[in-house]
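Some structures to go through are shown next.
Two complexes come next, and they have one chain in common, chain A, joined by chain B in the first and chain C in the second.
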Partner chain A sequence: MDSDEDERIPFSQRPEWSDIKPVPQDDGPNPVVPIAYHEDFRETMDYFRAVYLADERTPRSLRLTSEAIAMNAGNYTVWHFRRLILETLNTDLHEEFDFIENIAKSNSKNYQIWHHRRWVAEKMGTEATNMELKFTRKILSLDAKNYHAWSHRQWVLQALGGWEDELDYCLQLLEEDIYNNSAWNQRYFVITRSPLLGGLPAMRESEVRYTIEVILLNPDNESPWRYLRGLYKGDAEALVGDPQVSCLCMKVLSVRGNTFALNLLLDLLCHGLQPNGELKSVVEGLTNSESDSIDPSLAIKVCSLLETLDPMRSNYWAWRKVTLPSHTKAI
Partner chain B sequence: MESATPRLTVTQREQWEVDAKVSEIYQFFSSLPHHAQTIMLELRRDKHLEFLTKGLRQLGPSFSVLDANRAWLCYWILHSIALLGESVDSELENRVIDFINLCQDPSGGYAGGPGQMPHLATTYAAVNSLITLGGQRAFSSINRDKMRIFLLRMKQPSGAFRMHDAGEIDVRACYTAISVASILKILDYELVQNVGDYILSCQTYEGGIAGEPGAEAHGGYTFCGMATMILMNEAGRLDLPSLINWVAFRQGVECGFQGRANKLVDGCYSFWQGGVFALIQRLPSLMDQESRSSEVEENQTSGNIRTASSTLSEQECSSELTSSDDDETSHFGDGEHSDIGFCFIKRHAELEPLFHSIALQQYLLLCSQVQEGGFRDKPGKHRDYYHTCYCLSGLSVCQYSWSKRADSSPLPRAVLGPYSNLLEPIHPLFNIVLDKYYEAHDFF
Partner chain C sequence: MGELEMEKHVRYILTIEKKKDDFVSLVIEHLRINGAYWGLTTLDLLGKIETIDQDEVVSWVMKCQDESGGFAGNIGHDPHILYTLSAVQILALLDKLDVLDIDKVSNYVAGLQNEDGSFSGDIWGEVDTRFSYIAICCLSILRRLEKINVEKAVDFVVRCKNLDGGFGSTPGGESHAGQIFCCVGALALTGSLHHIDRDLLGWWLCERQVKSGGLNGRPEKLPDVCYSWWVLSSLVMIDRVHWIDKEKLARFILDCQDKENGGISDRPDDAVDVFHTYFGVAGLSLLEYPGVKAIDPAYALPVDVVNKIIFKK
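And then the complex of A and B:
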């Protein structure tokens, strides 16, 4: 809009609008939070109200909604009316994608744009699949954590398909930024929901291997730790029974104290892990040698360690300590 | 790692930049003598009020992008003023009621501005604004019969809600619908049916709750999902140990909260994430949760849902909520759940806060507070009404986080800075100042 600002002809001077009587906003005599609208904005909305109230679903109304949306992409009423017009006129929706892309350029974090995009893509069906995957890629190349873009992409995959390259895409984003938690989440989405991969049971082994590699390269990155735990969601038995997991904790902790490793270890102990001597001595090595309490359980030791190592969460760890399941206290 | 390329990723670089700004502020603060520190920690009440009142009376052209959020602007401003223990004069109060009434749709619900379509989020904002004003005129301006019709119109066969006619479905819509219905005492089985299943499907492998099934765990949606579940007496269906663990990890080195893992700190999450802790503190049988955590995991789909929050009704509100039957639907006879929010806040907090409330206050006062009035996301950003509202809400949560009773005055050590920083307490399920909530509870 910016560059067109000077050339904009007011609706009142456009012959095609001469039959319309603009409807001013009814703000009451003494409104609160009144906005000092620019004249362009006020006039556009006055004409919008006129066609909206008359339910005039015509090409000129469609053009009017374009102008109104360009001025305020957050007006859900205008977007809604636009969809009604598009339906009535049976408009070719290909152009709609360009319109949305233009609006998204200036503000890609707005519920309305993405809801509209989903509506259009749904109407188009599988014809839109590649375009939508490309579009979200483009938005994500500018902001790899755009929440709306990810939600849209997940919807596209589920409703229209296009799963073939998705795991590669996740891998590519993670190679660019291993801290990108949105990419980790998408990876989880793909391995658990892709119809091509066989779900979590089929993927667990290779995913665990990959995640452990990543963690060992940088144990201070929370995302892969949560991802690893997620690979055993709903299956605590498998989590506790997989020696790779406790082994990972041990490896990381043998170098130095690490909050995420201790957090996972505590989780393992709460779910029934019987710690071996090696694990015990690694934790022992991290605590002050003169442990004042009389032979506390490993889980209690881990909580105490976390209280000092992670002071921001000392209340949380103290609470975990007093709520430990009774079976952990004997070990 | 040592041998790998030293190039920082986008996440690392952005985090490093924010870290640097925040530590600079904290270092400067710690170099000051004690009295100067006290001044720096002072809540700029007069400046905040000035900023807030000004917005209520007039907003500049740049606010045109919020033209469909004017009901929200009312709530952000009025709630902030109420948190500061102040109120608007009766002339302004009447103007607010009249304006919000112009946003009320003849067929129920409220729009973001006059002449627009009714929308669930702005309905929540409008109702909360009117309750924050209080009084017969404000309360009776709400058409509750039409409201119920509007809420039912937004409800989907899946149980979840749409934001508006043909609008998007997400956890926000569920929260705003259930919150409004609860506070207006029109919550019933028909509205509640299957909402819990939808929220459950949004809890992610990380522990937090996402906006839609499959999406990433997020602070805003985690608050909305958790509060919704409590208001329906179904919080025990969530995997609470993993939810609490996830939220606890969102408080970072800057002392504030981030919205998602590996994202930047933002003052508004002081409420969205901090508020979750206020909710957790009043979940009664949470102490047993940890020992049952393995059970939760195994029974997630087995329908064993009578857990944490159902005890609430049994212990304290047995007259309102009969729960002798194992079938969860038996709790939901018409008119029964409207008192869940009331019983919830009347309970004593069973737990100390599970987050670092002093650290969070430090971030809010030193990094989010703008000396000229208002609050911001983080240093380097501009103030706005949204952040002012949610930073103040988070600050109130911190200050009362050690109080057993929701409305008792906190000990001085719970309040960072001078004790005059103390704000009004809120009802964390609705984010309404507690006294205002009680007044509405008596009225409806």
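And then the complex of A and C:
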């Protein structure tokens, strides 16, 4: 269809369509101006309305929906009718995948396409697994954060399987772009849900090691900091109990101030971390205002540092400061 | 800082409403009802709803209703929950809910709830937390929330919560500001905000503000005016909006205006559209910009409309 786009023959001049009377869009009461729509598209939709209203589920109607979708992949009703036709004609769904792939190239963020793809894959079952994993890989190679592609991929893994290479795939994407939050999310999805890896308890140690390594290389990357917290399932006591975590904060802060490290340190202090002398002196080194050195509380110093380092969220940090648990004020 | 070009935006909305002759308006023919909601709400927030012929709008909206009770994006198209909410919101906005067969519409929406509490968008079964919000919002406006299993609906939304405090489209899906708005809205409308860790989510949301003052929807993405609505309304619902720099955000939105012809774009100097015009004005409304009516963050309707219709004030 791509190749002969320039020499499109209007439906009104195609013999196979001579029996159809096109139906124009009813634009409601008082259509404001005579509508001078883009002619090809208008004509296609007029013929579409005709077969749709007649509920004509034939191969020619299927071809007509292909043309209509190629011109505008967002029209919900056209997709809806296409599925009805596919069901009625019992069409070979392999061809449908090729069709979708063609359309998806230029419309990878269109809800309808992904929904349709899911519908076809669901009908096909596990036979579609590899094809779907390959297809989403292809889309993600063009846009690694495409939300639809990720949703589809997660659905494929859970409904059809194919978990074997998923952790490697996440690693590969993170090597390409360590800031890719979608890949971090997928990594968490895999380590917590893959039936092959034993879940979070089995994966935690190696994941913590990997994440710490990544953070030390790029401390300004928001995603691994959140991932690290996720590895402890938001359990603050477990975070406090692991010396690797406070050690990471210290290492990062010994180079320079960093909002993520300071924020994590603040949470650790709020949940009972007893800071050692080394940690205190690292934070001390970042503080230059005399006013804070009068107040000995480490948590207050951390809050003040955050207020200066991140002025856009200064209200947040000020709030953290006034809501500090009383036990933090003594250390 | 520039001012909000209210009159120009009103004129922009009124002209696109009339302009049905270009390809762009043609391809959005199927979602005209969403466009109508964005345009009309913007007009109302700017105090100019009376400039349109309301009866004409109502009779057109009613022609988009399908036998099932659901609404389509335009006359002759198929119904979907997305369009049904827009139709109900438009009628609420115009104080014309009495033209609806309330039970018929609410039965359509309630019929889309699945066993696990989630909602499908239509008979084809696509599931997404967006649809949970839409169903709950729609039924709240119609005062028919009892037609669904609210507890299960809430359970499903909670299952989509991530460890960063945010929400995705399905369990395990990446946190995304648009989905967060839907999930927080669904929980707010069902009185279930206690399922949210407000401080954790509030921090994630305020981290969305970037140097330019704009908000993005996920880490490392570009800021976009539409997130002014999604992030901001979520922050308002969990009472953490004071954590961001509101002035900088307002300036970012104002910088996205087309100062000559009206309309607001996603980022400064991009082409304007009705979608971003609505989200820009709605964002400024949440920021209490002078002269813009207040909008309710959960219903996405002006506060006076919500008071009148839902609280019968």
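Assume the second predicted complex is superposed on the first by the 307 of 331 C-alpha atoms of A that agree within 3 Å, B and C clash if a C-alpha of one lies under 4 Å from a C-alpha of the other, contacts with A are read in each partner's own complex, and residues count from 1 in each chain.
Heads up, the rule we're going with is that contacts are C-beta pairs under 8 Å (C-beta built on N, C-alpha and C of every residue); 3 or more make two chains touch, one makes a residue touch a chain.
The model shown is predicted, which means the values in this text are computed figures rather than measured ones.
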Clash-or-fit label for the pair chain B, chain C on chain A: clash
Touched partner set for A:H80, first chain B, second chain C, both or neither: both
First, second, both or neither for A:S326, with chain B first and chain C second: first
Which partner reaches more residues of chain A (counting touched residues only), chain B or chain C: B
Which superposed partner A:N218 touches (first chain B, second chain C, both, neither): first
Partner chain(s) touched by A:W17 [first = chain B, second = chain C, both, neither]: neither
Partner chain in contact with A:A236 - chain B first, chain C second, else both or neither: first
First, second, both or neither for A:F97, with chain B first and chain C second: neither
Touched partner set for A:S151, first chain B, second chain C, both or neither: both
Chain B versus chain C as contact partner of A:W163, first or second or both or neither: neither
Clashing chain B stretch [against chain C; choices 5-13, 23-31 or 365-373]: 365-373
Overlap of the chain B and chain C footprints on chain A, listed as residue numbers: 25-28, 30-33, 35-38, 41, 45, 49, 71-72, 74-77, 80, 83, 111, 115, 118, 145, 147, 150-151, 154-155, 158, 179-182, 185, 188-189, 193, 222-223, 226, 229-230, 233-234, 263, 311-313, 315-316, 319
Complex contacts: residues of chain B adjacent to chain A: 1, 4, 9-12, 55-61, 63-70, 73-74, 77, 92, 95-96, 98-99, 102, 111-117, 119, 163-168, 204-207, 211-212, 214-218, 244-246, 248-249, 251-253, 255, 260-263, 287, 289-291, 293-294, 297-298, 300, 351-356, 359
Residue numbers on chain A that touch chain C, as the complex places them: 25-33, 35-38, 41-42, 45, 49, 53, 71-72, 74-77, 80, 83, 111, 115, 118-119, 145, 147, 150-151, 154-155, 158, 179-182, 185-186, 188-189, 192-193, 222-223, 226, 229-230, 233-234, 263, 311-313, 315-316, 319
Footprint of chain A on chain C - complex, ascending: 18, 20-23, 26-31, 56, 59-60, 63, 72-78, 80, 122, 124-126, 162-164, 168-170, 172-176, 197, 200, 202-204, 206-207, 209, 211, 213, 218-221, 242-245, 248
For the chain A and chain B complex, residues of the former touching the latter: 23, 25-28, 30-38, 41, 45, 49, 71-77, 80, 83, 111, 114-115, 118, 144-145, 147, 150-151, 154-155, 158, 176-182, 185, 188-189, 193, 217-218, 221-223, 226-227, 229-231, 233-236, 263, 270-272, 311-316, 319-320, 323-326
